[in-house]
Structure formats: C-alpha cells, structure tokens
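Below are two complexes that have chain A in common, paired first with chain B and then with chain C.
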Partner chain A sequence: MSAATSGAGRRVWAVLELLDRQLVDRNGHLVGKIDDLEFEIDDDPGALPRVSALLSGLGALASHIGGDAGRALAATERRLAAARDRQPSRIDIALVQEIASSVELDAARDDIDTNRAERWTRDVIIDKIPGAGHVAE
Partner chain B sequence: MKRIFGVTLGILTAMGGFVDIGDLVANSETGARFGMSLAWAVLLGVVGIVVYAEMAGRVASVTKRATFDLVRERLGARAGLLNLGASFFITMLTLIAEVAGVALAVQLVVDVNYLLWIPLVGFAVWLVIWRVKFSTLETVFGLMGLAMIVVVVTVVQLDPSWSQLWHHASHPTVPSGEGHPTYFYYAIALFGAAMTPYEVFFFSSGAVEEKWTRRDLVLNRANVYLGFPLGGLLSLGLMAGAALVFHPLGVGVDNLSQVALPTSVALGKVGLAFVIVGFVACTFGAALETSLSCGYTVSQYFGWQWGKLVRPREASRFHLVVLMSIFVAVVVGVTAVDPIKVTEYSIVLSAAALPLTYFPILVVANDRTYMGDDVNGPVKNTIASFYMVLLVVVALATIPLMIATKAGS
Partner chain C sequence: MLLSELVGSRVVTAEGDDLGRVHDLVLVQDGPMGANGRAGLRLHALAVGRRSFGAQLGYAQGSVRGPWILRKLLHRSARLVPWSSVVHRDDEHIVVDIGGRGD
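Then we have the complex of A and B:
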C-alpha cells in the first residue's frame, strides 16, 4: 500500500506509527530512523496539512530531542556535516513503499540523502582497513 | 549440526553476564565473606534473566528487531537517548574490565605483566569481530567456556556437607562482622550481574544475526533455559568453592589467582589448567559480547546498518563504533585501572538502568500487532511484572546503598 499515491489517502498515527521507526531501503539495508516529519500546508482555506517528507539524521534528531542533549547533538552534527547546508536530510514521502513495523523505501541507500555519514565513514575509514569488503568466515 | 551447536548463543551470553572478570572475583568474594547466604540473589537473577531474555529472543525471532531498536521505538528519542547514554557507559566500563581481564588470565600462565598483554588482547578482540562469522564466534567461545564447569566439579571433589551448604543457602543470615547495608549491596551486585543489560542486547541481536524466525522459538527457549541456568550454576560453584575453602579461614578474595585456588586445592594441576582455559574463554567471550553490544546499541538507536551478516564496509558506522570502543578500552586499560573494581561499579550502576531496558521488551512482547499469537501468556506476564517492580525497587536502592557502604568495603 502506498501512503503517498493512493488518492483516498491512508490514515496513519504519526507519533505511534511513524516517529522513531526504522527506515529500510529497497535491498533491506537499514538507513536510519524517522527523526521528524515535514508537513506541507496549502494556502487554500480548509486544506489539510499533509506529510511531504520524512526527516532523518542527527540534525532532525537534535531538534526533536531539544534541551541540552539536543544542543550537544546539533553541535556534533554541525562539526560533522558538510558546511554547505543546514537543512536536515529529507526523504520524499513519494519514496515510501510500505508502513509496517518498519518503513520501507523504494530507493537504494546510496541514493538516499540521509546516508551521507555512512558513506563518508565507509570511504574515509573502513575501506582503508584490509578485509573491509570480505564477508566474515 | 546447527541444532547441536544452536544453544551456544545462550551459553556465551550467560557467561558474559555471570562469569566475566568482575563476577569471577565477586562470586568468590561473596562466598568467602558471606558463605552461601547470598545464593538466593543469584537464583533470583537467573529467573529474571531467563524470563526477559526469552521475551527478547522471541521478539527478535518474530519481528527481526533487536532490543535497542524497541527501546528507541517505545521510549521515544529522549528517554531512548538517556538509556543509550547509561547502557553504553556501563557496557563500555565492562569492556575495559574484560580486556584487562583476559590479560590477567593470560598472566596466570605466562609470567609477563598483564599490562603488556592488553594491546594484544584488544587487537585480537577486534580481529575476531572484523573477520570471524558470528556463528563461529559464538560456537568456539561458548564451548570453550564450558571448561568452567570444573568449578562445579571442584565443589563435588571438596566433598562438603551438602545439608549444611543447603542450610546456609536456604536460611540466609548476615554473618557477624558484616553490616546489613553491605550484605544487600552484594545482593544487588549479584542480581545486577545476572540481569546486566548487555546480555539482552547481545542475545537479541545475536538472534537476528543467526536469522532466527518464528520457527526457531523452540531453539530460543532451549538457549535461554540452558544457557542462563548454566551461568547461574557456575556462579554458585565459584561461591561454594570459596565458601568451603576461604570462609572458614576468614580469608578475603580480591584477585583472579585466588579464584582459581579452590580448584587447584581440589583437583590439582589438571583442574587448574581447565579453570584457566575457562577464565580466558569467559573473559574473551565477555569482551566480544560487550564490544559488539557497544556497536549494537548505538547503531540500533540511530537506525544504522549493523551486524556481521553484511560486509564490514556495508555497516561502516557500526564497525567504527566497535573499533573505537575497543581502542578506548585498551587506552584506559593500560593506565592500570583495577578491572575488578571497574566491573563491580558497572554492575551496580547497571542495576540503576535496568528498568529502562526491560520495560520496552515487556511492552512489545505483549503487542499483538507485532507478535501475533506469540504474545506473552498470563503466567509469564505475572512473573515479568513482579520483576519489573523489583527492578524499579533495586534501581532506587542502588545508588544510596553504594554511597552508604562505600561500594561494599
């Protein structure tokens, strides 16, 4: 069932069924948690807000947590993230394939914005260690 | 073959909880100071960990979700982060102790100062995690750890008056010269060691690594019902050995070679050889369990790819956390902190964090949308609820007791 494309829409409880859930890519790889939601509100009078994207990653998590811990996380994120953008990584709601105990995305993780830190760690650190590409024996 | 060796996950998990470096000494120490009068605390812990590890393993088999995944989902980002901070700190402290513990066990054989072994041990732990398949790791160290059964043989060989041992255990009294706060401080230490949270992190993540499904629920129960009571038995064996050899003499225990003494008294050199193999296997197994748990908890909280089912480069942040944890353990370890004190603190501190870990397991094990017909039955829920109350009481009592008794001294 696609939450995004079905015309009638689907009713989902945001905090219970979306927030803090695991995101899984097309190949079954884990690609982060849903740390926050982005809503779009049309200018039409009476139009309902609709979820336009799932936000994931330290930036989104930091503002979700708030307080001192949130500020510490946000500071960490600013150190780690590329300086170019300050927006939390977003995943367009159109990519959502299924909402179950985890949320499945119709995309490979290398194409997902929230996967930058994983890629950076892989390219800069883990790939430098012999045996990184081998399955364990 | 898979079925025969299928229970080694439970065995390895339990050894990391019951007979890791701190507990090897703590069990003997309580035997020497309190005789068998604290045996009940071990039994209470065994039942508790059996109940909750069974639930964690069942949830992992049915839903493919390990414990810290549930912690984040059910407690939310904030309380989840608080639990992550506490659990990671405790697990890290234990890892520091285990790396030094392996080195101490090696020092019993090769007379080179243990501090020199610590970097090598750290490297070996990392290499095993980097290269060895999960099921191989679990089988090898689970089976090697069985050498510790020699401590039970020791007690039999010492030919005690069983009725007297039983009487001490079943009619616990605080020995003269020991205060009540100290007695309960050690009770919490034993109970906390049995229920230490990294056991469920490791066990549930291991169930996912082993690709357990609904069809493996019997295997899950076999692991739990065999592994943890075995851990408890070894714990009691160490306690009884020390109670028989040291307690009558009024001698205290504070290092690893004393832990081995009852066995060498009863069984000579062969027994000593077994016990040392057991020490190495249990501490090394506990080092693997805790370093993997460091990676599991952080990755599962943030939703990163984790585990040894995929190549290291496909779970890069998980492997980075494991690598950094081991590195920190080595660096702190070579400063010659006392590993036995470190685990004793970490066990007691972990008692304070237990409810936050076990509550989400209980909730999800009752959630029909996840578990279908495999939800908890009424008996299990009754026992589990009793333990939840007990965990909260223990959590509240822990820190005041620790301060009042100056950590049991």
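Then we have the complex of A and C:
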C-alpha cells in the first residue's frame, strides 16, 4: 500500500472497495478478482477480527451473492468443493501491496494460487497436445 | 470466518429488535504489523439495514464525493453496528447488544 493510501487508520469498505476488485501481480499481469475475504479471530475476547486472506475463484464467488439464495448456493458449493477437495484460491494478506482501483500484489503470477486453473490447463491439457513442446520456438 | 458468512445475515438486538441485514463491513487499517510491514485490516463495524442506491454507488460511505448534486441527494450515512457489540453469531443471525450505541 502506498504512502498515500496506507496511512494508519485508513477506513476500507469491504464490499464496496474490495469485492470484485481486479488482482494485479508485481509485473502488471491480471491474476483474478477478489470474491471473498477470510478473517482470523484471536482467542483474546474483545479482539477484532483481522483480514488474513483474499479469496478468489468460483467457490468464493458462489458464497458472496448474498441473501437466502446466496447462502443456499454457498452451502451447496461448499459441500461439492469438500467432496472434490476444491477450495477457492487463497492469497495471504501479506502479499497485498496497494489497495486502489485494483489490488496490487507483491508476487509474480506463477507464484499466486489464483493461477491454479491456468496451470492445470497448461499441464494437463495443453502440454498433452502433440506439438505443444514447440509452442515457444 | 468469511465476509460472505456475514453479508446478508440478519442483525437483531438482544431484545429481539430487527436492525436489518448486513450489507457491508467497515475495515480499518489499524491492526498489528504484518509480514509485509504494514498495519493489518481489522473489522470494526457492520453496516446494516437496507442497502440504498446511494450506498451501492459509494455516496453513503463517503467514498464517492462528486458531482456535489448527487452527493447531496444520495448521501445518507449507513447505520453502523460496532463489532464489539456482537454477542452471538450463527448461520442466519447476528445478535448484538448495542445499548443505544448504533450509529
């Protein structure tokens, strides 16, 4: 977060200013959107919950639609995700460099969990196509 | 705990008064320093009640300030309930003990 935007006590509206914001890696590549936030709650009674991670992906998206329909969809998605061992991509809050019209991360695209689907597609499908090894030549 | 578990939940007082549903969360960057050397974001309050058109555009939160005519028409502060007043939470409800402190 830049000096202009990271001053202590800065107020951030989670839904208005974070949800659906574009995630950008340190090289300017688009790496997904924020679909949910994860909070950590300390054992200390009276402690305020802290944002611990940004979540991105279909599982997170299903759970922020809102209302009864959103909650039902989220519950269904959680059950399906658990059955398939699939969870939303998780980005530790310590990687967040700047919160503005987009959210900049201090990491490269290949090191970020949101790139999981792209990596899977490349490793499992694209690389199996005859001639795929010559793509970069 | 996830944001999605809070947004849409119905907020009621310990006396049973319905304050409406959570439509946004107020985070403040005043937590302990993280591994990146920056203060963490902490959850200070729940914005409850009907999410107005002004809130959807950011006028109610004060995030959007112009044009001034729209700010005048659409600025109506969201009702905030401090997180410290939450006494119970389940899948459907958040019970708060505001004792007249809700903004």
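What we mean here is this: the second predicted complex is superposed on the first by the 93 of 137 C-alpha atoms of A that agree within 3 Å, B and C clash if a C-alpha of one lies under 4 Å from a C-alpha of the other, contacts with A are read in each partner's own complex, and residues count from 1 in each chain.
Rule of thumb we're sticking to: a residue touches a chain if its C-beta (ideal position, glycine included) is under 8 Å from a C-beta of that chain, and two chains touch if they have at least 3 such contacts.
Quantities reported herein were computed from a predicted structural model and do not represent experimental measurements.
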item: Touching partner for A:Leu95 - first (chain B), second (chain C), both, neither; value: second
item: First, second, both or neither for A:Arg11, with chain B first and chain C second; value: second
item: First (chain B), second (chain C), both or neither touched by A:Leu55; value: second
item: Touched partner set for A:Phe39, first chain B, second chain C, both or neither; value: second
item: Intersection of chain A interface sets (partners chain B, chain C); value: 19, 64, 66-67
item: Chain C residues touching chain A - in the complex, by the definition given at the top; value: 1-5, 7-8, 21, 23-32, 34-36, 38-44, 47, 55, 58, 61, 63, 83-84, 91
item: Interfacial residue positions of chain B with respect to chain A in the complex; value: 63, 65, 69, 72-73, 76-78, 80-81, 130-134, 136, 299, 301-306, 308, 310-314, 316-317, 319-320, 369-370
item: Contact set on chain A toward chain B in their complex; value: 19-23, 29-33, 35, 56, 58, 61, 64-67, 69, 101, 109, 117-119, 121-122, 125-127, 129, 131-137
item: Complex contact set, residues of chain A against chain C; value: 1, 6-17, 19, 36-39, 41, 46, 48-51, 55, 60, 63-64, 66-68, 70-71, 74, 93-97, 106
